[in-house]
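Right after this note come the structures.
Both complexes below contain chain A, partnered by chain B and then by chain C.
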Partner chain A sequence: MGRAAAEALPPPPSPPPPPAPDERMARRSPVRLLLGRPELGALLGAVALFAFFSLVADAFLQAGSFSTVLYAGSTFGIMAVGVSLLMIGGEFDLSAGVMVTTAALIAALVSYQFTLNVWAGVLVSLVLTLALGMVNGLLYVKTGLPSFIITLATFFMLAGANLGVTKAVTGNVATDSVRDMDGFGTARAVFASDVDVLGVNVNVTVFWWLGFVAIATWILLRTRIGNWIFAVGGSADSARAVGVPVARTKIGLFMGVAFCGWFSGMHLVFAFATVQSGEGVGNEFFYIICAVIGGCLLTGGYGSAIGAAIGAFIFGMTNKGIVYAEWNPDWFKFFLGAMLLIATVVNLVVRRRVERSK
Partner chain B sequence: MRRGTAERRSSRGLRALAVAGILGGALALSACSSSGGKKSEGGGDGAGPRLKIAMITHSGPGDTFWDIVQKGAQAAAAKDNAEFLYSADPDGGKQAQLVQAAIDKKVDGIVVTFAKPDALKDVVARATAAKIPVVSINSGADVSARFGAVAHFGQDESIAGEAAGRELARIGAKNALCVVHEQGNVGLEDRCAGAKKTFGGKLENLFVQGTNMPQVKSSITAKLQADKGVDGILTLGAPFAATAVDAAKEAGSQAKVGTFDMNKDLIASIKSGTIRFAVDQQPYLQGYGAVDELWLLKTNGNVIGGGRPVLTGPAIVTKDNAASLEAFADRGTR
Partner chain C sequence: MSEAPLIRLSGVGKNHGSIIALREVSLEVDAGEVLCVLGDNGAGKSTLIKIIAGLHRHDAGGYEVAGEPVSFGSPRDALARGIATVYQDLAVVPLMPVWRNFFLGSEKRKGLGRMDIDHMRRTTRAELGEMGIDLRDVDQPIGTLSGGERQCVAIARAVHFGARALILDEPTAALGVKQAGTVLRYIVQARERSLAVVFITHNPHHAYPVGDRFLILKRGRSIGYHPKGEITRDELTALMAGGAELEQLAHELQSTQDSDAGAAAATALTKEAERLRPAD
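Take a look at the complex of A and B:
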């Protein structure tokens, strides 16, 4: 499947030695430049879906509803930032979904069991979750096995450890509530509060999401690390040949996913106070879907963080739009799939047009 | 070429392996201690033949409800001096394989759930053919006797739904939501259908993705924003009730929340009044009753329920009786 996509859409960066150097130097019109961006198709898909739901769902156009859609998008989107960078770097992380739960469990268990200020739990969770990302990266680099297999293994191990450790420590399958502990208020303000924007309550995760997307975009487009990420995803061997630190870049990308997982986990803890140890399974695919809708190639070397953000917005909008439209819930997943298909087909058509007109 | 790199990296590889080994060891240790504790519980006092009883359910991992079922079963096993083995798989075919594995182990009794009856029909027939008594719990009251189970312990989901519908009406709701957290689960659909029967007002189903709490919250919020007239929310699992309360606050809705099933946080919410009621099917009783029945059958030939399903619920928990149940919920058995 990945190969078919690659044949259909040859990734524009990392071209073979260009035949005529002046072609690269030629100035392109701003419109052309815009059309060449990986996120354009997704953007048009998002606009189309937005218009569609505005027409069919009365409640969709309220400011409060838009805030709910953004919140839904942000909980996918924060993870999609890390996942999209990793995919541009040519790898998958199937452990991303349960890693969110792991991070949340660590923070809740450490705070509660040692009766610490919750911020201590937050920091311990950050260190351990980053370590998990590093383990993923090291295992990949040292063994040379596909990241798909490595992270599938860590996915199962984490899912089992989540349940096993939680039950061994608490005797139950959910953590004890940390709601009345020291630091919960300030931690909630950081990770899960509502911010009043012109009379509309917007969850703080939306702003973090936008911030993370901005940072990731800056890294990708304006720093040397960004060049490395595209290079290792395009062709790791050629990247190594020209002196890119492939191993360190890949490990860093896995740790980036872990960081996003840590943040999402903290949102879980401080929004809901108790954490169910079985949560998170299956979400890893939604993160990958967001990145792919947003123009990331499954084969690596091409994509953008903004695109993944738009993908997450599409996913959140579809998820909630179906509720606003009050369609028959039995058909929920069918509608979800159909909407995603429409969004991605729009994406594909636009990109094909652009490729041909180049 | 690959071998060359592997050799060059072997020392670093070893170190990574060592790290992985230590991590894995730590995980294994923490898992071992809990099962060791249970084993020592089971191997305690009591005379008579030591039975080996296997329970195979359709539970996903980390589900509070099944945790309580297991605690009930373990308590009965400890009392009856039986060895208790638990396994589970949400997939019907895989659950059947686990039942077959129990038959192969020549256990003395099997406890099974019929969430996907057709997938289990043949393997349960093989168990009875091998003279291993089968007791069903939780779901499948209608097929249990027909498939050869000696007894069934469970809640009739329609009857429980009817009780929930009456509670919804009692708290004054007219236009309510039934929040389904697992699509295509017959038991959950039955609960909503039962509630609809006795509720009297308008009850509409809402589907949410149960494994993703932020999505549960935003979906309920979205529904409350889309339909301002909603004044009652019925959730079908305890963790979702607290989320529904948050969602109602977020949407500025006055909707009152009631739920199926129990956990210890829920008791506190019922005491404080943020959640109005819980319909408890007493999962502890299902695990305890099933293991005890197999023991009674073996040692005294008794059958509980006279071939009819034994109802373990609904037991209604409201502000009035929440305080008396708090201690039990705290230790995770209610």
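Take a look at the complex of A and C:
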């Protein structure tokens, strides 16, 4: 069908009016193309912030400091990958912060209590954490309640369970050390080792982070799934009407967050060997901040994984830059909040620009 | 070609809980035909198309596609049978580029889950070009197109993906006169490509020029089903609006408003009602 059939047809009853191209000319704007990039605001912000800290903090420009900044960025950036995809898909996951701790606790407790090779704990944790993500997704799809409410509920349930189960099993708020268990060395190499890059120690999480960002970007821009993610976030009803499996896509996105949570959890276990059961609360907001600073719209349908990575980098720079500048780190959250505000205002302007001129 | 019409509903009904949304509605539409479904708000038009499109299952009656009884569980099932639906307000995802919208749900792939983006861009540009929409940039968000253009993209998309039947949900409702004309032209074009078209509207002036048959709904029931030769535009308007209701409105205006404007409006409405009366 298509071209040949249409060319054989007589022209439409009345030919298109000649002045039409003029009207269309007015609607096109090259500026919008540039502003249309979700990462643009974050990139400019990152450059400005980098220049700023380079000027005010002498230690900031040293390679070792940069490695520390990247590490801080990676620990949040890995989660921001999953969270940003979910946000593009139109949803939140407030349980993401404590889910990291849950994943870490599962791996540590299973390995230690059953005296298994730590890799067994790693796998059990993967399965159970993905199941948690699936539960979030299924609850959202089945009840139709806002994901904010669903994951707020699972957030508190997980936070409570983390503490309750850990205390019941170990009699303590932290797990026993898995440092001497079988497989710890190899697991540490994968999840928490340092890699020598031109004489500078860089944590392996930095490379995982870049890898995850690359994969997520590929999925978003080059695959059918990516098309579906943008569509379910931009307009779930439209997507459903043209045959996009909206429920499956959303459940998959919640499981994507869970996967990132599992990975971050494994980093915790093998970086510190013990896991504090009360950790992770509040981190979910940092992930969301990374995604939003990186240009993801809170309302969904727009954003990028690269943007979220830049957001995480900004987060890492601010976090460590304040220390290198020898300021009072108590102010860190103030700056973070201010940047969130600026980023969302920029996003708002971008979206209006895109949606105006209909 | 089979003897049976492409789409046939016989005595179809649908309840939403205790509310009877649709009762005993029958219609037929074959390739190369335009069936117009007319009705005021709440007449059951939306329920009817949702059944045809596969968003709702019908509770009563029969739904046949090319003679085969069907009961669709999702829009995908309907699409698989060549029945594509273009909705008035949810035709597209505004923030997504035109080409992504065009292929949404039917993405062209080239293995490993990768999309064939070049092909999709080229095809979108070519198909829209044929409809007279010349886009320099198929990467612009579809929300930046005009309402009429977006409808045309959605129609072009359905036709491209081999739709045999096109269900159009009030495609002209939110459009200006000129844009509505553009959409009507593509309805005629779709008919000439021998598609079956079901055109839902509440505007008899849009329906009459393009329709071959007219189904008029009111309060979930069919109150008229006529081929074009058997009904005039005025009769159609009268069935839609109801001459008696106009008279009633005129009466109300006269009794509640003493102003000259109210009286003038009442007089005009009375005249309109009288003009329409022979149709009843």
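Convention: the second predicted complex is superposed on the first by the 293 of 358 C-alpha atoms of A that agree within 3 Å, B and C clash if a C-alpha of one lies under 4 Å from a C-alpha of the other, contacts with A are read in each partner's own complex, and residues count from 1 in each chain.
One rule holds for everything that comes next: contacts are C-beta pairs under 8 Å (C-beta built on N, C-alpha and C of every residue); 3 or more make two chains touch, one makes a residue touch a chain.
Computed from a predicted model, the values in this text were never measured in an experiment.
Judged by the touch definition given at the top, the superposed model places A:Gly280 against chain B, while chain C stays out of reach.
Once the two complexes are overlaid on the shared chain, A:Ser111 sits clear of chain B and of chain C alike.
Of the two partner chains placed by superposition, only chain C is touched by A:Gly243; chain B is not. Within the superposed three-chain model, A:Ile225 lies in touch with chain C and out of touch with chain B [touch as defined at top].
Within the superposed three-chain model, A:Tyr71 lies in touch with chain B and out of touch with chain C [touch as defined at top]. Of the two partners chain B and chain C, more chain A residues are in touch with B. When the shared chain is aligned, no partner comes close enough to touch A:Ser95: not chain B, not chain C. Overlap of the chain B and chain C contact sets on chain A: empty, with no shared residue.
Note for the complex: chain A touches chain B at residues 57-60, 62, 64-65, 68-69, 71-72, 75, 135, 138-139, 142-144, 157, 159-169, 171-174, 177, 194, 201, 267-268, 271-274, 276-283, 316, 319-320, 323-324, 326, 329-330, 332-333. Contacts from chain B toward chain A in the complex involve residues 2, 5-6, 9, 12-13, 16, 19-20, 23-24, 27, 30-31, 33-34, 60-64, 67, 180, 183, 205-207, 211-215, 217-219, 221-223, 225-227, 239, 242-243, 246, 250-252, 263-265, 331-332.
Taken together, the chain C residues at the contact with chain A in this complex read 53, 55, 74-76, 79, 85, 87, 90-96, 100, 103-107, 109, 113-115, 117, 123, 126-127, 130, 132, 134, 136-137, 139-141, 143-147, 157, 159-160, 162, 181, 185-186, 188-189, 192-193. Interface residues of chain A, counted against chain C in their complex, comprise 1-3, 5-7, 9-10, 12-14, 16, 21, 24, 27-28, 32-33, 36, 222-225, 227, 230-231, 234-235, 237-244, 297, 301-302, 351, 354-355, 357-358.
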